[in-house]
Amino acid sequence: MRPSERTPDQLRHVTLETGITRYAEGSCMVSFGHTKVLVTASVDEKVPGWMRNSGKGWVTAEYGMLPRATHTRGRREAAAGKQSGRTQEIQRLIGRSLRAVVDLEKLGERQIVIDCDVIQADGGTRTASITGAYVALAIAVKGLVDKGVISENPIVDQVAAVSCGIFNDVAVLDLDYDEDSTAEADSNYVLTGDGNIVEIQATGEKRGFSRGEFDQLFALAEKGCTELFELQKAAVAAA
Amino acid sequence: MRPSERTPDQLRHVTLETGITRYAEGSCMVSFGHTKVLVTASVDEKVPGWMRNSGKGWVTAEYGMLPRATHTRGRREAAAGKQSGRTQEIQRLIGRSLRAVVDLEKLGERQIVIDCDVIQADGGTRTASITGAYVALAIAVKGLVDKGVISENPIVDQVAAVSCGIFNDVAVLDLDYDEDSTAEADSNYVLTGDGNIVEIQATGEKRGFSRGEFDQLFALAEKGCTELFELQKAAVAAA
Amino acid sequence: MRPSERTPDQLRHVTLETGITRYAEGSCMVSFGHTKVLVTASVDEKVPGWMRNSGKGWVTAEYGMLPRATHTRGRREAAAGKQSGRTQEIQRLIGRSLRAVVDLEKLGERQIVIDCDVIQADGGTRTASITGAYVALAIAVKGLVDKGVISENPIVDQVAAVSCGIFNDVAVLDLDYDEDSTAEADSNYVLTGDGNIVEIQATGEKRGFSRGEFDQLFALAEKGCTELFELQKAAVAAA
Amino acid sequence: MRPSERTPDQLRHVTLETGITRYAEGSCMVSFGHTKVLVTASVDEKVPGWMRNSGKGWVTAEYGMLPRATHTRGRREAAAGKQSGRTQEIQRLIGRSLRAVVDLEKLGERQIVIDCDVIQADGGTRTASITGAYVALAIAVKGLVDKGVISENPIVDQVAAVSCGIFNDVAVLDLDYDEDSTAEADSNYVLTGDGNIVEIQATGEKRGFSRGEFDQLFALAEKGCTELFELQKAAVAAA
Amino acid sequence: MRPSERTPDQLRHVTLETGITRYAEGSCMVSFGHTKVLVTASVDEKVPGWMRNSGKGWVTAEYGMLPRATHTRGRREAAAGKQSGRTQEIQRLIGRSLRAVVDLEKLGERQIVIDCDVIQADGGTRTASITGAYVALAIAVKGLVDKGVISENPIVDQVAAVSCGIFNDVAVLDLDYDEDSTAEADSNYVLTGDGNIVEIQATGEKRGFSRGEFDQLFALAEKGCTELFELQKAAVAAA
Amino acid sequence: MRPSERTPDQLRHVTLETGITRYAEGSCMVSFGHTKVLVTASVDEKVPGWMRNSGKGWVTAEYGMLPRATHTRGRREAAAGKQSGRTQEIQRLIGRSLRAVVDLEKLGERQIVIDCDVIQADGGTRTASITGAYVALAIAVKGLVDKGVISENPIVDQVAAVSCGIFNDVAVLDLDYDEDSTAEADSNYVLTGDGNIVEIQATGEKRGFSRGEFDQLFALAEKGCTELFELQKAAVAAA
């Protein structure tokens, strides 16, 4: 039995609320149960120095957690003077995941910066971030197309992410914190709308896990992402 | 005429929503018009090293702004590797303002850390932070009293803050960004419920200003804080 | 009775010694009693990047304290790897105060950097810094005018600063360390020669203070600055 | 055809040379073709502060690259003043991989620090590091057992790692730099001697990849690790 | 002919003014011509962590330069966020030089921190610092002996320092900035009162220099230090 | 008797192995007994910003030590976030030493960066680094001449370095760690092939040392460098 009383293949209640900030070109408050991440997409008409005159654009991401997003207060990274290895790992993952579905040449020489700030953390913040980031990005890009800044939509597919793990020797979908902190294995899947893999990160936490278990986790991820793709479509369409 | 069509002595619409995060001992989303700050109060049963064995508690604050809280995206301080001078100035001010109404001996040897994170910035983020921080702090302290952790409420008065400025040679209350960015003078007032001054910061931005003008600004601040005290009382009572 | 046996409205012995370093375009050793600050003004024919091609100049300030300027040795900020929040707050204040009396267009596209280094600290280092910085700046600017680099003097007024506080429930002028460390309230006033306010920073340290007390503090500050303006005039004239 | 003329399922020439430094408790120079990593295992009789009095030990890793390990010189991280996100990601991976095969209670309250310094980089530095790190760790632990410091060997299984990728639409084992820089997909597998998964990291670089392709990559990884386990056994036995 | 019209073996005018700060246990303003360094010696009754319970004391030094000590303003190290390699090199040299004449066991478990802050720089700041630091240290130690804190004076000899160089192919004593910036070779000598060598740093700047030239430089240094020892004795005696 | 049973004027076994990395334009593994330093020379067709358009080239060096190069593991400087004062001192020395034998105008507007990474440390790492760096530099420069990038060899002489010290009151050549850690005096000599001095650093560690002792140390250094010059010639010729 899962602490949340969900079935093994059941996502938490997921919401994707758009238009939540006044200034960002795209924004989305994504919730996976109690996990809430505020995502903004900011269009910058300049690319980083190393890309100048390449004719191509760039999509990148930054990730942060409010100090009291968690059960006990964590140290503010700005005060600590650096981003943790975990933070850097996550923001690199978000950026890679989004670039997988963007044609950077069609985007043109401009940058879109995604900011994912975790307001409340109950497990799965990186997968929620990616899922919401797609929505904020799609809205920002739609704005560029609508304003005629770019002629053709550079987003070539959807991308969503979900975690799966082995909890009490059962493969389960979308771990919350109670599960995550004691799971035998934890894994994150970033998949595209056409069913391909963008990224898999799978880790045996308490023990190694078998190939058979991996196959179960992967199947759950496919099911979860299919549901997320529908929610994303609805959110972008309504924006 | 003010850009927002308010009268000179009119506050923006102010709301103080409590109970907005699941984990913090006290929390408040404070809005002054489009300015929105998420405030949490975290109780830590340890004091900083330099206070150990003093028999007294401590209240401190940290302040941050989400990168896209503003019209154009600002650099994330955690990525920059340090907090700006402005950030440090503001968080020191918030901490001092709150300590002015707390009896640190009655608080006992524990620390309350206030985090003020600006979700959206339209002027007056430091005064909104102080006003909301009082609410989050009061709720956290009430929880300690209710649970019997401390026997007597250490909060000795209310504290609220508001900005005033000279805009087109007229003294006006509660500047928004449009006013703030072109005001001749800008000032912040932190006042207690019994009408005393905790802090005044007044700056001639475009020109020096006269003693007569200062008196007008101060009167506006007193009016504004009187209204804020009522809102705070209601918010804490309802929490 | 004040520890220094001064009357409530009496400044410490103030001196403004000019020409004290061989290389700086303007320099001043300012003493307020035992507080001594070495101020230099350095003319740089380049402005910061963000001001280039604006046709305007810039005046900025940096502040530091020698490690043993104080009763017990403080940590060297260069060794600590960063400037404290207090240091940044003070240097921002000094810069704003000076820019309030400089016509940046008349200065032309060049920068004057003011360095205030506290040799000995006995309270009031920020107000002594501002008072001495005006002198160093005025001398540096005079040099530019004398050499024909700029045709019209861009300094439009004098600026001086002094602290006042409530000590043993009495409003007193120009706090020294003994008073500052136990004062009920502490405040700093930056005023211009024509009697206007550039900056007020007033803080209740031990308790909030009333509007009536504020009025007394302000009157003392006006008296103190009047005396400082005379000393500044004499120092610049003699340089 | 692979640039190195290897068959798709062929590892590069792998060597694991032990005893290469005079001071470290365990050491291994691991080569995967032109990729060379110097690994040392250092026994420290103290654990990190947060583990004290837990009765358990710790294994952690640090990773670095000599500035000219690569085709063009990279910036020295010590001079840059921080480790890159990539470096942190890799050293966290190495540490997790090793801890997966160590019983930390049997290790006792001591720490083993693994340093992986890349002397020459031709792709696959993180998987070479893990493969060599196991050898250095096993030798260091053997020394502790031989000296009677610990009574029972805390290493419960072998661990090795290898990369696989999709190069010109063919699944290939053990990418070198020429392949890695143009591969459609890149993935790293950390497996245990009993065939379980410790960690999978799979990324679509040029395009998403299908579940069928993933299965091919995984099969190659299993084949590669089987060969690496034999080489590790021989290296540890000979040490 | 030297730019200053000095003979090759002539020191600049050297002064050692003591008692110049109110709080430090020992202080000295040392001038070598236009080079001026303010030195303070601070007694700290705690030693660094790594020396605790060793029964021995420690003497260490920090060095800094006011930003406008030089012809053109240098960047403030506290603002830059780190001390330069040159600064660290110099402060390590000053510390070593002083410890060479102190019996750390007799000093007892306390630390004396020497701060050398260059007020004006015209060449030879490191040698002036050492020469003045001895005076500040000797005064601080005398105070400890006079107050009975330590029973026996731990200073076992004098130490002074001077630079010599090859300027226009002539060996000259005590280079000023005009000479230093164009000298063929530059060298610093730290000698004790009994004629022994504490430290030599000799560098060919424009060209290598011969053993014969080195001998001339060394002889000049011995002459210079002999004069400095007399000045130090007088300064300490008068303090 | 020396711990290594060498005679006082005997170098350790010195080897200079070239061609040890695949990518660097010049490389050398230098061993002085158990001290091993991997040196690479990287040619960069750009000079640092402050040298642009000067028509001259630049040679600079960076130095590092693998964490477990020493008896007990040292902290990784990249993880610590800064290079120690010792590291900076050494890399500045290596750079100066090499530039002493390079005609920077003949090198043309390009930079050669020398990386010295200590694989194993048994005393004398800075002098081994300089001795090996000359070899790596000479090979890189030879490559530039051979490829016709520069027309005339800019290296005007050889440079080598060795340490000498006073151990048990006897002057000895080429200290190893056992000697270095207890020597009365330690000194480093950087000499050119024509017998001139590039750099001397001599320090009394346990006591000051006399002029007579210095003369003995210097004579040993001349003998040692004469041997090193022969080894360098052979290594460069064979490369």
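Labels A, B, C, D, E and F are assigned to the chains in the order they are written; within every chain, residues are numbered from 1.
Operating definition for what follows: a residue touches a chain if its C-beta (ideal position, glycine included) is under 8 Å from a C-beta of that chain, and two chains touch if they have at least 3 such contacts.
As the structure is a computational prediction, the values presented were derived from the model and not from experiment.
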- Note on the structure: In contact with chain E as well as chain F, sorted by label, we have none
- Figure out the least number of contact steps between chain D and chain E, where 1 means they touch directly. 2
- Message: Counting contact pairs by residue number and requiring over half to coincide, which of A-B, A-D or C-E is equivalent to E-F?
- Response: A-D
- Indicate whether more than half of the residue numbers at the chain A-chain D interface occur in both copies; give same if so and different if not. same
- Centre-to-centre distance between chain E and chain A (centres being mean Cα positions), rounded to whole Å: 59
- Approximate Å spacing (C-alpha centroids) for the pair chain C, chain F: 51
- Message: Quick check: how many Å separate the C-alpha centres of chain D and chain F?
- Response: 33
- Note on the structure: Among chain F residues, those touching two or more other chains are 81-82
- Task: Can I get the ring sequence of chains, opening with chain B and turning toward chain C?
- Result: B, C, E, F, D, A
- Could you please specify the touching residues of chain A with respect to chain B in the complex? 21-24, 27, 34, 38, 40, 42, 44, 62, 64, 66-73, 76-83, 87, 113, 115, 117, 119-120, 122
- Residues of chain C defined as touching chain B within the complex: 82, 85-86, 88-89, 91-92, 96, 100, 157, 185, 187, 191-192, 194-204, 207-211, 214, 218
